[in-house]
């Protein structure tokens, strides 16, 4: 199996898992893994397909701008995947449409503050005395604009980005680390949505 | 396999999927695909059966009025399926009892306004500056009355209809497209139910 | 396979399904089918076992008082199963600990009024102009006391009973009909809990 | 199969079940069974692994302080597992990150009062006239501090401990009993979170 086929199989498996969780409804969302750094090359899930039924072939190679360098049509969002991989040095980027992040962005449009929660360790941060603010940027269709907004708010210790009224990006060294971070962050966002008391002590009830 | 058996197998598969999601509780809901246009013929799931346990044989052919033209008993709602297929030119119509659409119809009885949400692309609309109003009609048992109400509110760019205190119809070119649209719309309805701020800026808290 | 083994297999299958839905947590809940009417004999799931892991042997035959007439230990609640089978003429009785019925009983301790909802057809009632009141009785450990309370509130057209701060009983001609009714009723209860406007027009917000 | 391999297989099976319920997101949570009492030895799930993908080998033997006595790296939390096993005489301890217990600890930081609910029988208590207070302790990273707080609030009839802003510990004679108690307690906590009327009659709405 080629490296691309292996990446495609891994992406298909993760996509089916997220689809089963309701986080990749219809054809929404996309996942990527970095194939090479110099120049930057990513394997990205192909556009327009049911995310619960991908095969190892449903993958496109894109460059640092998100443009296809193999056959197939990548998602327009591949450009933001590439930007995140370049800026954050991530090995894998997952973009899903879980509901909780989008609800949280609606309530905390300037970033979602989280603090003093054990689950933050699963996001790569400390369980105590470590204020984590998950960045929120406005939605848009121009990936350069979104990429610029991402980069302005980027902190190396915060591997996530919520796009308001859209979805969430989470990244890590590989697809599994990205998934673990996403699973823990989604739990944290549901917690703060339910309690409505955020990490800087505001009561947003 | 005949065309009808293929349609029956496809309908059974989709029904099992929706039953697993809790959207076809008991024997509720029904699905259809268009078999021919002139005259209009639809394959509709048979009435009164467990929607998680259908086989390829549990299908009835109906005409443009929803009357059976093969053996078997179609749902009374087959008449509305046929009307939608005729008016909207749909190739497949799905009718399920997901909870969110019925809750949304209760809060927005004159139609559910959605706007500026990325997930609207999965419903065939734009993510920005495109007000989508999902039509709501009162429930009833006479499919001609429901069909007339549907037709009065029909817009070619809005492939869904909520029947208040009942359930939702979504359609598309085929069963998969109808499912993708339904999955995305259900997400959108849960979003607006949770935030309680609708697409025309009303706060219905 | 004997009639009892067939009943045991059917009960185990249904119990696993309910356990998967989170409605038979731990060893909670019990299911029964009528084996004979004169004298009344029921096959009831055995007590104290994990309801997701029952086998066809995990079944006890009880009489009209709920006392064992075969080996094995029936649930104390077998007495209420037998009473319901006798009074309602049911062929199968299911008792589960779904959350929505218990929450509804808390809000409507004198019975949960439902009306003008299509899903009522799946409970054996009409979708319009037919007020359905799901009876609620206080919890207790004496099945004769519970049975008397059940019988005082019994109506032949309402095949369900909520025991407050405990769980729900639903019955039908066979296990499948009981399940369909339960699935539809649970949906209806979630609907009325969410909208908080009940079937007699009270706003319990 | 050695006793340790059997314990590892049992732990892996339970962990996969909890991961499927969303209660062991990412690598969070840990499970243990007692291998011997004199001296105390526990088999604990290994640290840092995906809890849905454990094998029978992903297990570490620890002593009464939670220190490894076999190869592998136990979770730091193994120290609290050992303390609970010693103080409560438990044969199995499960620690998961279900959301409801953490939400309940936020609302009832001095302990969650439950009373007059049938499901309390599944937690080993009485359904009537038996006030159960689930202890809540503050989160921390020093297992001796947490263990001391646990021991101060310990009652032999209450086999659970919530660590605020973190997760829940539940124990029993074996993994199955611990699971049954956890499943029932999680249901009870969701009930009291929804009704917001607690077991001492306070309305915390």
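A, B, C and D label the chains in the order they appear, each numbered from 1.
Definition applied: a contact is a pair of C-beta atoms (placed from the backbone, for glycine too) under 8 Å apart; a residue touches a chain by one contact, two chains touch by 3 or more.
Which chain is which protein? Per UniProt: A, B, C, D = Methylthioribulose-1-phosphate dehydratase.
The structure displayed is predicted, hence computed values, not measured ones.
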Chains contacting each of subunit B and subunit C, listed by label: none
Remaining touching clusters (ignoring subunit C, no chains moved): one piece
Copies subunit A and subunit B touch via same or different residues, half shared test: different
Chain whose mean Cα position lies farthest from subunit A: C
For subunit A paired with subunit D, centre-to-centre distance based on mean C-alpha positions, whole Å: 31
Subunit B and subunit D, separation of their C-alpha mean positions in angstrom: 44
Set of subunit C residues in contact with two or more other chains: none
Category of the chain touch graph - line, ring, star, complete, other: ring
Touching pairs among all chains present in the structure: A-B, A-D, B-C, C-D
Partner subunit A, residues of subunit D touching it in the complex: 22, 25-28, 50, 97, 99, 102-103, 106, 139-141, 163, 165-167
In the complex with subunit C, residue positions of subunit D that touch it: 116-119, 122, 127-128, 176, 179-181, 183-184, 186-187, 190-191, 194-195, 197
